[in-house]
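Letters A, B, C and D name the chains as they come in the text, with residue numbers starting at 1 for each one.
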Amino acid sequence: MHPSDHAHRAATLRIAVFAGMADLVGGRTIEMPWSSGTVADARGLVAERHPAAAALLARSAFAIDSRYVGDDEPLAAGDDVAIIPPVSGG
Amino acid sequence: MHPSDHAHRAATLRIAVFAGMADLVGGRTIEMPWSSGTVADARGLVAERHPAAAALLARSAFAIDSRYVGDDEPLAAGDDVAIIPPVSGG
Amino acid sequence: MSSTGSPGTHEALGHAACRREPIDTAAVLRAVGHVAAGGNVLFVGTARGTTDGVATSLLEYDAHEPLALATLDDLRRDAIARFDLVACAVVHRLGIVPPGEACVAVATSAPHRAAAFAAAEWLMAAIKRDVPIWKAEERPDGRRAWLHPESAPRPGGRP
Amino acid sequence: MSSTGSPGTHEALGHAACRREPIDTAAVLRAVGHVAAGGNVLFVGTARGTTDGVATSLLEYDAHEPLALATLDDLRRDAIARFDLVACAVVHRLGIVPPGEACVAVATSAPHRAAAFAAAEWLMAAIKRDVPIWKAEERPDGRRAWLHPESAPRPGGRP
């Protein structure tokens, strides 16, 4: 069951995406209806909506407010969330 | 016997010196009467004339025309001779 | 190289930045100059015209800017502490970078040269491993490919 | 960093020099810029204000200039060959050097950064070991001491 399924008044979760992930999802922000849930829940939703991005997503981390978070971390609509794929700077 | 002792008409050997060696011999050029001989002969003469420089001289190399030479190398008056003490550049 | 600050302010000397304009590499080097430092190293990574024999018309860099800047500054301070540096500065370019221009510049200074060299090498490896910045290479045919190396770990191992 | 020359001219890229004026370190780095190079390292050795806790009011460098220049250029070419560099440049200051100013600048460029770092470190060690240049440190009391390290071998081991 998706966290959004039992939301009577679903808010929106906005996730910033970059680089190859932005190409795969067709934009620099993913917007999904969201009431509550964890990073793991958000991963599942993103993979379902953007199957082409699933493989890269599995190798990516999540960050909230410029802090890396694990899959158990709760996410709230309004959080500053980002997906961080493997890096290639320098 | 010094090479210069049996020179009927002694020419002059000029040796360029640098850094601490110049301080020890009191100038940037050593001039000595010279007819013929080797680097070893020149070492002996310099040490005799400048005893304070003998220790540093023993740790120094000779160069002719910007080429390092060994103690057996013949030296002629007019050669571009230099004494190269241990280096400290960089 | 000018003297800046006093010995007590070492930890703060230098800076971390991301820029969308060309990097002034001489300014990055000047930022670490100090009379207490005898060894100064500047590394500049530039966009090559070819990679593995394939021509590259340009590079593009994308970033999570707040996290990238915070990570660059953390790594800069780590380098100062690990290698007992006098100062350390790092600037990363973002956006389009034509061949020959600087993508990243790292400067370190230390009393002696060994620490300055070791710190600059360590910092470059750490930047490539830990900072949320991504590079795309555009080929002359217009194809642009973002690099997300298969060999790289999932980011965040170093929070 | 600008593109200079063609790939076939790698051996000749860069230069060796001794100068009695302040070193333009940015120009030394520019001299090794090339689109074939992605890694560029500039090392700058600067006159420290103190050495082993003793204040140094200034440094002075003396040299056998023709032999120093020839040795610097030999070492520069050695570095290019040993580390497969794109380019290498080296400039040594002579005469009086006030604290904070550059005594020596070495720049290397290579396709990747590891070779550029390794070559710059190797070249600095080689310069300190092989080039007939001497340093004097002047203390605030006016005493000036030329350095001829006891641990150094007699010069010329590397003709």
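We take it that a contact is a pair of C-beta atoms (placed from the backbone, for glycine too) under 8 Å apart; a residue touches a chain by one contact, two chains touch by 3 or more.
The model shown is predicted, which means the values in this text are computed figures rather than measured ones.
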item: Remotest chain, subunit D as reference, centres from CA atoms; value: A
item: Intercentroid distance (Cα basis), subunit C paired with subunit B, Å; value: 51
item: Between subunit D and subunit C, distance of the C-alpha-averaged centres to the nearest whole Å; value: 23
item: Rounded Å distance, subunit B centre to subunit D centre (Cα mean); value: 28
item: Residues of subunit C touching at least two other chains; value: 45, 124
item: Interface hub residues of subunit B, defined as touching at least two other chains; value: none
item: Those chain pairs that satisfy the touch definition; value: A-C, B-D, C-D
item: Parts of subunit B lying in touch with subunit D, wherever the complex brings them together; value: 16, 18-20, 22-23, 56, 59-61, 63, 66-68, 82, 84-90
item: Residues on subunit D engaged by subunit C in the complex (per definition of touch); value: 1-3, 25-26, 29, 33-50, 99-102, 111, 113, 116-117, 120-121, 124
item: Partner subunit B, residues of subunit D touching it in the complex; value: 45, 61-64, 66-68, 70, 92, 103-104, 124, 127-136, 145-150, 152-156, 159
